[in-house]
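Which chain is which? They are A, B and C, in the order written, and residues in each are numbered from 1.
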Amino acid sequence: MTTPMVKFDNVTKRYGSLTVLDSLNLEIAPNEKVAIIGPSGSGKTTVLRMLMTLERINEGVIYVDGEPMTHMQKNGKLVPADERYLRRVRGNVGMVFQHFNLFPHMSALKNCMEAPLHVLGLSRKAAAERATELLDMVGLGDKRDQYPSQLSGGQQQRVAIARALAMRPKVMLFDEVTSALDPELVGEVLNVIRKLGTEHSLTMLMVTHQMGFAREFADRVCFFYGGRIAESGKPDEIFNDPKEERTRQFLSAVLEAS
Amino acid sequence: MQLRQLAVCAIVFFTAGLAVSSFAGFREFIPGLLQGAWVTIQITVGGSLLAVVMALIGAMAKMYGLGPIRWLAVAYIEIFRGTSALVQLFWLFFVLPHFGVVLDPMTVAIAALGLNVGAYGAEVVRGAVNSVPRGQWEASVALNMPRALALRRIILPQAFVAMIPPWGNLFIELLKATALVSLITISDLTFKAQQMNQITFRTVEIFTIVLVMYLAISIVITVGTRTLETIAARGIARGR
Amino acid sequence: MFWDWSYVWEIMPALLRASLVTIQATVLGFILAAVLGLVLAIMRMSKTNWISIPTAGFVEFIRSTPVLIQIFFIYFVFPEFGVVLPAMVAGVIALGLHYGSYCSEVYRAGLENIPSGQWEASIALNLSPYITFRDIIIPQAIPPVVPALGNYLVALFKETPLLSAIAVLELMQTAKILGSESFRYVEPITIVGAFFLVMSLVAAALIRRVEAYLNRTLRNPGGAR
């Protein structure tokens, strides 16, 4: 049994009196592609945000590549991680956001160069090469000197993917990355994600409403409900023969709407 | 801006009318007023530079400083916003010598006004930094940037554009506040106005023209600010 | 000696008397500013251009020039036309005019925030402009702008030391006189500074209270659940 790339160990997250995630246990194998689906408020996005250290967890531990991420070892005990430790381990994870969050005052190329240059310490030449390579890979090599405001939503999101990849993370998180796009632009982003999955060895975790894509691309689908994983399994199982009533209800509502 | 231009035109015509009606007399006091205007401009520029520096230091200290530094910044901002510029000016002018610190009036003027407007400026900087969308911070965290780097490269450049209009207003406030330095014997435009008035007694003309001169300088500041806004916005090319 | 407490005790009565003058100037100036501001705002929103445009020009002009010059203008220029004003009156008028133009912008924002439907309903009910303003518009426009007006009240209060330039015996002038008599400026000016600081902090807290109260009642007029 290989070490899971990502492991949620009894993770609980509360906002005041509201429990958003309730003793979550989830293991993701290296190179596994997992799709997370479910109604809003079910805690799906929180899972990603906690993994990216954008939120602190209340109980439990998250491990990435065998090492604890939310906690650190101190005198043989696990204590909540401080910023210095987080900066060490955070580099394993990258994230693409629903609203892109590109830096508006930088060109596409500069957006992708910024972190490798200043965080990884690459030389300007090496950072530019890496950025150009990635922008070519997402099909935007010719747009590298354009600013975000000059790009379409789909193009901006592809730049955001290249930017996250530039840090060479082991785990890539996709938070509803097509939800803010016009329908005709969704395809180009999904194509890039598909290409990533087949050409690179990456563990991918995506929250999505694109059921068709999840079905065809994911190795495993998790249906979240009320802060817990209500059902989980291969895409065929979940989509064709859901065992839980709630999964059935959700899927029929989603498929009806599309 | 349109109304401002109309106001300026009206005043200019009014003044021109006065000039025509008493041309010879103008030469009596205009040179004196222009000298004063030059001093006013110097203090405005010097005070503005100090204000920007103090505002940046104050805002960063208040938002990200550790305990005592943050406390100092809060105290600075509250004290200089809570008392008027004149009180601060007089305090620095009359009280500092008692502590053995003797500064020439110009330095006192620039220091007092710079510190005063800097305190208001710190809140402007703070507001602008807070107005940068949260997603920019989150993207920085996702790329594992330390906070100082994110501030320097991502947040502050974007906050800069948001800051320009309020700073324009603050610079105009500083300009108006320079009139106070006439009360600590500096020969600025206001001082010269009173002086010329004592000499020539052309009260109406002098004070009207002085008001127009201040208005003219404030329009220059406004135009400069609008230009800066356009340039900065272009550089940032704001988008989603 | 840095600080002489016995001297402080000596000058306190004079300073307290002067603070009354300061408060008087503040209150009178603000009343003038509040009323004048409303008048200017209404004039500015007039449909007739030859009222609205000069008013706008006038307001802009006053806002863009130093209040000290305006104080001098009123104090020195009026006598040229035969009207001799005592310093306090001239000062109050100047402050009221200056802050009246600031207040007019505040009122204008408040008035413009009233949905046009309110005006239309008033016309449909055949209400006169005066009644419309008095009973419909102003009661809705004023509460949201009270905090902003409060801020200008504090600002006006902090500017009263400018009246020392025309020898009004308010706090700053008194402090300067005391200082020049005894050659000790530290105590008078520091006390004056502290007084203004305390008053403006108190005022700021009060304004926040008023704002919170208004936010609560505005969300719930009549106290409905």
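Criterion: contacts are C-beta pairs under 8 Å (C-beta built on N, C-alpha and C of every residue); 3 or more make two chains touch, one makes a residue touch a chain.
What you see is a predicted model; the values in this text were computed from it and never measured.
Put simply, the chain closest to the centre of the protein, by Cα centroids, is B. The count of contacting C-beta pairs peaks for the chain pair B-C. For the pair subunit B and subunit C, the distance between mean C-alpha positions equals 21 Å.
Taking the mean of the C-alpha atoms as each chain's centre, subunit A and subunit B sit 47 Å apart. Averaging C-alpha coordinates per chain places the centre of subunit A 55 Å away from that of subunit C.
Counting partner chains per residue, subunit B has no residue touching two or more of them. Contact with two or more other chains is made by no residue of subunit A.
Note for the complex: subunit A touches subunit B at residues 52-54, 87, 90-91, 93-95, 97, 99-105, 114-115, 118-119, 147-151, 153, 156, 160, 163-164, 167. Residues 2, 53-54, 56-58, 60-61, 64-70, 72-73, 76-77, 80, 158-159, 161-162, 164-165, 172, 175-176, 179, 184-186, 189-190, 192-193, 196-197, 200-201, 204 of subunit C are the ones touching subunit B in the complex. Residues 3-4, 6-7, 10-11, 78-79, 81-84, 86-88, 90-91, 94-95, 98-99, 172, 175-180, 182-183, 190, 193-194, 197, 203-204, 207-208, 210-211, 214-215, 218-219 of subunit B touch subunit C in their complex.
Contacts from subunit B toward subunit A in the complex involve residues 133, 135-136, 138-139, 141-146, 149, 153-154, 157-158, 235-240.
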